Amino acid sequence: MTLSDDVLGRARVTDNDELRDYYEELAAYEAGALWTVANKIEPWFPQPASVPVLWRYADLRPLVMRSLDLVKADDAGRRVVMLTNPERRDVAAAVGLLYTGLQIMGPGESMTAHRHQAAALRFVVEGEGAWTIVDGQKLKVGPRDFAITPNWAWHEHGNESADTPCIWQDGLDIPLVNALDAGFYEVHPDLYQEPGKVINSSLLTYGAGSMRPVGPAGAWSKPYSPLFAYPWEPTYEALLDAAKASDGSPYDGVIMEYGNPLTGGSVMPTMSAHMQLLRPGEATQAHRHTGSVIYNVAKGSGHSVIAGRRFDWSEGDIFCVPSWAWHEHANASASEDACLFSFNDFPVMRSLTFWREEASTDDGGHQPIA
Amino acid sequence: MTLSDDVLGRARVTDNDELRDYYEELAAYEAGALWTVANKIEPWFPQPASVPVLWRYADLRPLVMRSLDLVKADDAGRRVVMLTNPERRDVAAAVGLLYTGLQIMGPGESMTAHRHQAAALRFVVEGEGAWTIVDGQKLKVGPRDFAITPNWAWHEHGNESADTPCIWQDGLDIPLVNALDAGFYEVHPDLYQEPGKVINSSLLTYGAGSMRPVGPAGAWSKPYSPLFAYPWEPTYEALLDAAKASDGSPYDGVIMEYGNPLTGGSVMPTMSAHMQLLRPGEATQAHRHTGSVIYNVAKGSGHSVIAGRRFDWSEGDIFCVPSWAWHEHANASASEDACLFSFNDFPVMRSLTFWREEASTDDGGHQPIA
Amino acid sequence: MTLSDDVLGRARVTDNDELRDYYEELAAYEAGALWTVANKIEPWFPQPASVPVLWRYADLRPLVMRSLDLVKADDAGRRVVMLTNPERRDVAAAVGLLYTGLQIMGPGESMTAHRHQAAALRFVVEGEGAWTIVDGQKLKVGPRDFAITPNWAWHEHGNESADTPCIWQDGLDIPLVNALDAGFYEVHPDLYQEPGKVINSSLLTYGAGSMRPVGPAGAWSKPYSPLFAYPWEPTYEALLDAAKASDGSPYDGVIMEYGNPLTGGSVMPTMSAHMQLLRPGEATQAHRHTGSVIYNVAKGSGHSVIAGRRFDWSEGDIFCVPSWAWHEHANASASEDACLFSFNDFPVMRSLTFWREEASTDDGGHQPIA
Amino acid sequence: MTLSDDVLGRARVTDNDELRDYYEELAAYEAGALWTVANKIEPWFPQPASVPVLWRYADLRPLVMRSLDLVKADDAGRRVVMLTNPERRDVAAAVGLLYTGLQIMGPGESMTAHRHQAAALRFVVEGEGAWTIVDGQKLKVGPRDFAITPNWAWHEHGNESADTPCIWQDGLDIPLVNALDAGFYEVHPDLYQEPGKVINSSLLTYGAGSMRPVGPAGAWSKPYSPLFAYPWEPTYEALLDAAKASDGSPYDGVIMEYGNPLTGGSVMPTMSAHMQLLRPGEATQAHRHTGSVIYNVAKGSGHSVIAGRRFDWSEGDIFCVPSWAWHEHANASASEDACLFSFNDFPVMRSLTFWREEASTDDGGHQPIA
């Protein structure tokens, strides 16, 4: 779908000396002629600078491990290998306005507490001893668990394992916050929080989902989920249950959104997260939508076709889909499930009424591969 | 707290012959003098006609069972012993504007489908074979399970057991619907619905609570919960979990509201339901609030003090608390939990901004017993 | 549309001695058999006790005036002739769960302040000096002005005219509040409020409607309109303007709802109000809906057909339309506008999801007149 | 308030050869070390690239006029001199993610219709014949009138004056839309819309603000205001009225937000607009907040101090305030009002929970001027 700009309704001014003089004069007053940039800044459809990228865990893991020796946790703030899109390094974005990275915590390590306007989420990749304290609540998380650190919530992390490091994937909306000139940051005045005595108390209080606590716990008015950690087992079970009652989505298999149990909304106002199940042999059809997505392969192996390029993935791999790029997924196994964790900026798209979605109708819903 | 009406600011007109003539003249025009009724219709605080009542399951069960022989299900429409408050028989209310009754279905029986503006809910008391089809979705429910039949949803019931009857408690807002002149009723054109193939599909789809389905199932826009049945086991487990993270309410022990997993709101726009846990030996303090409540003793035994009267209860008993009546609950056992199921009209109180709540501060929060 | 109850799906139990014994036994336990009342309490469609009534101002005015001499304002609390529906006198309702009356204040008179859970509204019929102080804000209102006294807002009234009385129509939801056992009442501790210096400040602050104040005035969080008085002139002008851009409603002519300028919602959570314009010669078609309505003829003369009965009206007359009654309106003049003020309980119908509406398709949309 | 990064809780890794090698290796995998950029991308407080700028209408007007001869309207698409912040030329932003420009239409001219995801607003600076057709509705606008062209609404403009050009200021969220990779654009299939017969119909229908149309017009469900044009006269009158009832804001004088009359929300989901009145001699105190603002001097003259720099302004001048910059305003006249129109991205800040605000407490609320 290449649309020509040489039509009535688009800017088609031919340059000449007089205009060039005029443009110079405008520039002297911090001004310019709209028609010189109109077609570029009002494109027919989104023109993201971001491209699809797949980061192999097999490549990254040794590098991440190496950082344990290279820098002290306290010097680094957090020991993180960030993943950046080739044309988005200046804003530290993995895709669109989303940041991601792999964070490692050595055995017995813990880090100081801070808070920032940017919202954060974690998806645990390996290791058994990871914990985080979010606004005074201590959470313990293991592989494939999902946790949130909402904006401006105090948080600090650590690893209580005696011998193995923990690695999780961080997702943040830092580039979004900066694009909107809204970033704030504070170091905790005591450097460390005093956690409450009950571990995973939000899970005990809100984990049942359809049972709402009465009283102060039910009167939660913050703009993010009161449930801070979503363990893997009930998540996976929810997908298996849903698969019994529905065929799922033609584009995503059986897919569910991590929700705020008190509102049904997304876990945070700027980012949402999904877990999806590709059944043995399942290959979905292509669709595209506004909004950027970063995936982590939680289980199994397969491939995705994104903007006409094929990316083969297996457990721990990370890949991204830029806004408005066609994408489809396939499970490589005829006998095993594959599961993709992902997070995105859809809540922003929806709040600002920028959400659009389109299904591919060509070629049985599949893209030609370049 | 007895407040006198003989004060400035209340109606204090002394009757006389001239006024009596005047009132007669007004009556001829379908009119009257406000001051003759002002103090009555604008009381200092609520003056419900309803009184606290306890209905013993031991008394009612034989009567309910007898109805199996006395009337055919198809003739009765539904075979139900309704429970009525002494001063509210004219509107078939158990308390305030809430209706309740015990419905029995004989082995192998099934009943025709209808729908009505009134919303209905069920709490299963005994029997293993009960089912209901709600808007084409077949639900199977057992003891202590909770299910809803939202307003204007087609529904029909039955009992697939070969040998034992099933009894559940019905709760409806029929008196409310009638007070607002809003009642509609339809018999299903085919007399019976064609249910979908998956049993309890809403539980498979929405039961995880904090995982929201993506796509049509997540885009549910009806004003009631998409989850139609709430089984006992996870409900009880949720209470036990919550008790680990919180001391609960001083008035209600550990109490949770059955919620709409997509909105966190009440299960239906006119009625909500709770399950509460009184820990061994627990005796709560008194509070009062607007809104009427009907309880069913789900587990254990104990007593409640309501408006200064003590009511002892055990499993299967039903009792009610009128609006603005003080009430407190106590578990009789030092070693076993007690659980109270209840439903109420709080969503109405909240929608109309009529909700008020007050804690007792006298005598350690306990009422003197009359 | 008469629907028979002698069909499968309705209660059709034939009485006999055994059943009569059974019913007696049930009654001893505050219980009954649902099938004896099922068809009555679950009607095919609403069966209001209220009937259409028209109260002529010419009849009522002399009686209202007479109350000035018969009772002192302070003894009466408020000097009001209330209007009651023949079958709803027990709850002081004019129709459904709505109360109305004509209140008179003598020259120079003022009354003490109180507040109550019931919400109140006023529509001024005659007199130039009326004022009311609502939560400390003094309002002056004249003929055809509309004002609100939201629930639990302190209010007191008076008439600053030296020689003429003022009469306004009161509308309250007292019967609704009582039906829900939610009534509270307080006399102002100082008997009178200390009003702010600016008269009609809410009109100055919020009257522009589409311009929202920034800061505390814009952060209003109460569940009712911050605009307490709606003068006649801009209301009428709004109708004339709307008539230029639209043909209006086939059932109501050009009709607009008095709105909360900060939310667009109804002025109060339990009652809403409309002003409608019947253009010269206009006769609308019949429709019906749930919810009760009380009208005041603000301007002109004409007639309404309600549930098949014709009611002729002229300025100052009051009439009511019960829930689900067909109704249509006609302006008697070929050259002059007619305007109907009305208030209703539609917000209740909508909050509780009881709202239904139906257009007449018979006979060109007109009812046969009995 | 300069905060040091040389503290525990910030990244403080010292560079060395080993690390440099490591960084190179990471780069090969589209990765990097977070600690090398952490302090920059998570600043203590917002660090906008935008600076305060004032564009004098006296400077710009001749240049804008000249474009009439330099380019044909149809070739330019729109004949607009855009205003760009020195460090934001790459994204065509005047400040933050907001675009603005001065558009000129020659006598008798009209332009083709298009629509785009970006939302647009207009504030008329001079000329009497300007019109715009928005989604089929023709609006006529004159000096100081405000109009909106919501996202994805068809729109086309023209000038029906026989002899004078019209100039208005455009405001768009183009940079925001592009930052989120969400831009779409379409030329109208017929090149021109067929407007409805009634001019300014939204003003006739919704202009009363506090009177809400009943029926389809009241059931508007689009995410922007149904009122498309806000004339100057009632806007100014609303400010004068509000000034009688309130002292206004210490930071902004008497300020009101152009509102969606059906919801009370902002006119569009991504941009809001205000008109504010600085009374004769009024000088406000400084405050700062997240979100960017672009002002147009609607009336009078004065100055603003922004981030410590003084900018003197008179009618027609445009200036901007970047996110988190201190700012205060002063009316230069002791006898005349000054009015500032402004638009902003506050709805984005609020939707994404990025809104913060702070009052200056130093020096009587005034900034030292650099």
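Per-chain numbering from 1; labels A, B, C and D assigned in written order.
Throughout what follows, a contact is a pair of C-beta atoms (placed from the backbone, for glycine too) under 8 Å apart; a residue touches a chain by one contact, two chains touch by 3 or more.
What you see is a predicted model, and the numbers here were worked out from it, not measured in a lab.
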Chains contacting each of chain A and chain B, listed by label:
none
Starting at chain B, fewest touch steps before arriving at chain D
2
Pair from C-D, B-C or A-D with over half of its contact pairs in common with A-B:
C-D
Could you tell me the distance, in whole angstrom, between the mean C-alpha positions of chain C and chain D?
43
Centroid spacing, where centroids are CA-atom means, of chain B and chain C in whole angstrom
30
Using mean CA coordinates as chain centres, what's the chain A-chain D distance in Å?
30
Provide the C-alpha centroid distance between chain A and chain C, rounded to the nearest whole angstrom.
53
If I count partner chains per residue in chain B, which residues reach a count of at least 2?
none
Which residues of chain A touch chain B in the complex?
198, 201, 203-215, 217-218, 225, 227, 230, 234-235, 237-239, 241-242, 244-246, 248-249, 252, 255-264, 274-275
Contact footprint of chain B on chain C as seen in their complex:
7-14, 18-19, 22, 25-26, 29-35, 37-38, 41-48, 50, 53, 55, 59-60, 63, 66-67, 70-71, 74-86, 89, 91-92, 96-97, 99, 101, 112-114, 116-118, 151, 174-188, 191, 223, 269-270, 290, 292, 322-324, 345, 348-349, 351-354, 356
